[in-house]
Amino acid sequence: MSLLTEDAKGVFVISVTPFHPDGTIDFDSLDRVTDFYIEKGATGLTILGMMGEAPKLTQAESRAVAQRVIARAGDLPVVVGVSAPGLAAISELSKSVMDLGAAGVMIAPPGSLKTDAQIAGYYSQACAAAGEGVPVVLQDFPLSTGVQIDPAVLNRIVQELPQVVMLKHEDWPGLPKITALRRAEAAGQRRISILCGNGGIFLPEEMGRGADGAMTGFAFPEMLRQVVDLSNAGDMDRAQDIFDAYLPLVRYEQQPGAGLAVRKYVLQKRGAIASAALRSPGAPAAPEAIAEVDRLIARLTRRLKELT
Amino acid sequence: MSLLTEDAKGVFVISVTPFHPDGTIDFDSLDRVTDFYIEKGATGLTILGMMGEAPKLTQAESRAVAQRVIARAGDLPVVVGVSAPGLAAISELSKSVMDLGAAGVMIAPPGSLKTDAQIAGYYSQACAAAGEGVPVVLQDFPLSTGVQIDPAVLNRIVQELPQVVMLKHEDWPGLPKITALRRAEAAGQRRISILCGNGGIFLPEEMGRGADGAMTGFAFPEMLRQVVDLSNAGDMDRAQDIFDAYLPLVRYEQQPGAGLAVRKYVLQKRGAIASAALRSPGAPAAPEAIAEVDRLIARLTRRLKELT
Amino acid sequence: MSLLTEDAKGVFVISVTPFHPDGTIDFDSLDRVTDFYIEKGATGLTILGMMGEAPKLTQAESRAVAQRVIARAGDLPVVVGVSAPGLAAISELSKSVMDLGAAGVMIAPPGSLKTDAQIAGYYSQACAAAGEGVPVVLQDFPLSTGVQIDPAVLNRIVQELPQVVMLKHEDWPGLPKITALRRAEAAGQRRISILCGNGGIFLPEEMGRGADGAMTGFAFPEMLRQVVDLSNAGDMDRAQDIFDAYLPLVRYEQQPGAGLAVRKYVLQKRGAIASAALRSPGAPAAPEAIAEVDRLIARLTRRLKELT
Amino acid sequence: MSLLTEDAKGVFVISVTPFHPDGTIDFDSLDRVTDFYIEKGATGLTILGMMGEAPKLTQAESRAVAQRVIARAGDLPVVVGVSAPGLAAISELSKSVMDLGAAGVMIAPPGSLKTDAQIAGYYSQACAAAGEGVPVVLQDFPLSTGVQIDPAVLNRIVQELPQVVMLKHEDWPGLPKITALRRAEAAGQRRISILCGNGGIFLPEEMGRGADGAMTGFAFPEMLRQVVDLSNAGDMDRAQDIFDAYLPLVRYEQQPGAGLAVRKYVLQKRGAIASAALRSPGAPAAPEAIAEVDRLIARLTRRLKELT
């Protein structure tokens, strides 16, 4: 499998990790959901991110998941989340998944980082820990990490650390950050790939600002793919029509914490995984939530028909 | 003017505070936007909240704004935000605005509160500071305050503090909180009013869970009113159709920090205020943001036509 | 009264605000404690800081306290804390206390600031709000504010904002920051005054690193004065002997939150204020704490005799 | 080796993890520092805590360190820190170290916990993850974790979870918490062991409030042992004399972050470890800090002579 580069584009779906109701990993469903993502238009996959319940896995389980998905994904690039409280753990997991054929690793900043110097310094150490030449995706997700990365710090990291080839962009509000990065590049800075997260809730605007696509786990990845393709083809209005149809669901699934149970419920409903179970701690979607989601899916189906 | 009660329903619009480009308060626009909100269906107003740039005003200015809006609003109840780092300031402002005819005061918890006991204890002190018999709206907005209020703590406050007549609900995810509160009431607890914030981004589901309406500042308050009225009339599908049409804009305006500049831009565009200026610190909407919002408004206009 | 300059040295005692048991301000005790601080060696005073219960006062009370202390302090410079959630409140209070004869104002960063650029930008706005030419003390107290200021940001502020004449240094650990600032100055940067807080718990080391004195409210200000004077005279060993004798009490009084009740208890015991009452919310020292403090004071008395 | 019980007393030294200058673990020094702690009076050891740089180790390294120390410590009970972002990692490490002969495991709450219910719920899950019957030490260290545990929540955990046999107490200010726990026990609640952290900076008062000893890593563990023994013998004055002599160093070593480099420097100076190196990220003590510490140690030596 080839390595991730600054030219990466398209839709990297953040994969869930399917569990059996007893909390063990459901590897058959892992295969099935990998196929599902590819069938729905994924151009890459990202595993062991926050929405993949990565912190709930042991290192041995993490490796097993990575091995299974990388094998199943074939030619598709697979990015593996290796964020950890310490550099040694990052180093160990990164080496192990790169050996298995990962295309790169994704690293979010630990919540203890505060100043610009601390953040830039951390990514310098983290790149070294990931291993020489290993492509690194910088996950900028302040709502979850509590770490605010100034555009100037992003630029500094891009300039100093050639291993950083991609920004997983999910600041909120983050549109000006895309603009700032693309402007710095227009002025001569190395261009990196920007794939956007946050469930895709700003995808049309992000594409308009110069993003290269999406990296998020919305349970209808076909929407992400259509919006990215239509945007790239210049058909912003059609892209937005599709997007708007799914938006009530995107919004519902994007609720912090609660969203993952909903996402797994939808994936189960769509036949992509056998059980919507979350590993403990983590509650399943409540009956009220399921009723609300079912209603939104029914409405979506009707709306999509109107649009065709 | 009459006092706020547990029976309050409808749409309390969170009012902006209009400024001249030089940063002074624009009282003429304050009148105009008050009229605008009423004309678009407000059943009440809330002033000096976070989105009213309250912390940027001096106490004298706060009083002047309250006086002007209360006078202009006529029979409509006006809730005044009196959150402050100290109880003495809460007490002073609360007394002053209640004397002017406010219907009640709104208090968010200071970020230093952590444990259940600290939160419950604070509201006991804050109610005393607000003044005997003064109706209090509890603003539950963890994304902004950092304070997480457990449903059990809400129930305890409702039981112990009869002054608390309303919850401004903007936890995220917060739908289960509405359900928990309504269940406790079904089991005998005093029923309080629940009006929902967060720009209205979950309004249909919130109404479905038992909310009494909205308290938020979305620049198209007519949407909030229609959704509340249609929900109350049982026409959930039509409510959701209207809601969905506005959702791309709701989502855009709900961006933390950046959203207020957009909201003021839209209100200016709609003729409700003369200038979109924010008082310093606070930047106006960037040209890219304005283009994105203009596009969404144009699409909204078309979509609304389809729906009629 | 003259204005604060970069040459300020010595001991600026952070004054308590004395209250009657009913929560009203005790102005007679305010006079008495002002005299007490001066008698014990204060070379300046700082009022309306966090330990002065400033956020619990109304603006009118803040002004009254400032007026009383400034009048009583005579030739001694009085710094007034004007930190507030908004710039307008800073502006209003700063103007009012400077008119009353304050030597300068002290401003801590609001907890919402994260990035280097946000912090530097804030002090630029805050200096403007304080008023042209008004001397500003930057309070660097991350344990309380949550804001981490990198030495590079301090240097930038010193270079860009001539109004900033003093650092109230209470980072923890903060000794390297003093060294960094003094080194930048040795390399040509404008020299500012550094007075140290944190109850004085690192005062000998801080003086050794180049601090100009203390700005803190330890209830035995004579210790602070002796340590500063002996350090300036080069008698570091005698300075440390004195310091060590008081250290068990310094440590006890430095407990966040709880320390203020202890400090007021000691000041009452020493006859400097009539009542140890804190304004609500704020509990008095528990009987166990009082017994512990009494014991430490008795031991201190014995130890000081050994040292003479 | 026997399991930890509610009757544990004395001094459990938090062990450093010694590294070679190249960052690999120095197992010879690990043996030596284990001997050193025992020689200086440790009645137990705690490894892989925050000050043991645990998050910087891989799981394999963590196990190797545990195995080495447990073997070397002979009859002494060894508590192993197993805090981790996820329950599976806790479970895996706990099982593995209990099999190696650990006396129990220590678990700090993850920073994401906010409400009372979340904290109590977490310890219920964490006890299950640690394994049936495995003794658990609850580490209550809000300065580092950001999690504030109300005394009522501690009581609830003690009542509901018999596996929790010990509180590692390092709230600050935390003296009232000891009093509250001992009072609840006097009223019939199960008594648990309380060992105190924070570098021992409140040890005399903690013993006076009913603590059973210390669990901290101060580089002169003989002080901790003497203070605990003298307190138990009722000689509080002598205990405090010894404590006060060490206090300037205790204070210096207790600086967050910076303290560990100082601690390792002192241990190296005392011959307990070969190198003061921290594993990256982590800087060695600066020359200024070393000079300050050397001076404090020289003064300590003189002072101890006066006291004999």
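Things to note:
As written, the chain order gives the labels A, B, C and D, with residue 1 at the start of each chain.
To be clear about the criterion, a contact is a pair of C-beta atoms (placed from the backbone, for glycine too) under 8 Å apart; a residue touches a chain by one contact, two chains touch by 3 or more.
Treat the numbers as computed from the prediction; the structure is a model and nothing was measured.
Between A-C and A-D, more C-beta contact pairs are found at A-D.
Using CA-based centroids throughout, the chain positioned farthest away from chain B is D.
Taking each chain's centre as the mean of its C-alpha atoms, chain C lies 33 Å from chain D.
Distance from the chain A centre to the chain C centre is 47 Å, each centre being the mean of its Cα atoms.
Once the centre of each chain is set as its mean CA position, chain A and chain D turn out to be 38 Å apart. Chain contacts: chain B has no residue touching two or more partner chains.
Interface residues of chain B facing chain C in the complex, by the touch rule stated above, are 55-59, 61, 84-89, 92, 111, 121-122, 125, 279-281.
Touching chain A in their complex are the following residues of chain B: 172-173, 175-176, 179, 201-202, 205, 208-209, 237, 240, 243-244, 247-248, 251-252, 255-259, 286, 288-289, 292, 299. Residue ranges of chain B in contact with chain D, taken from their complex: 114-118, 148-150, 152-153.
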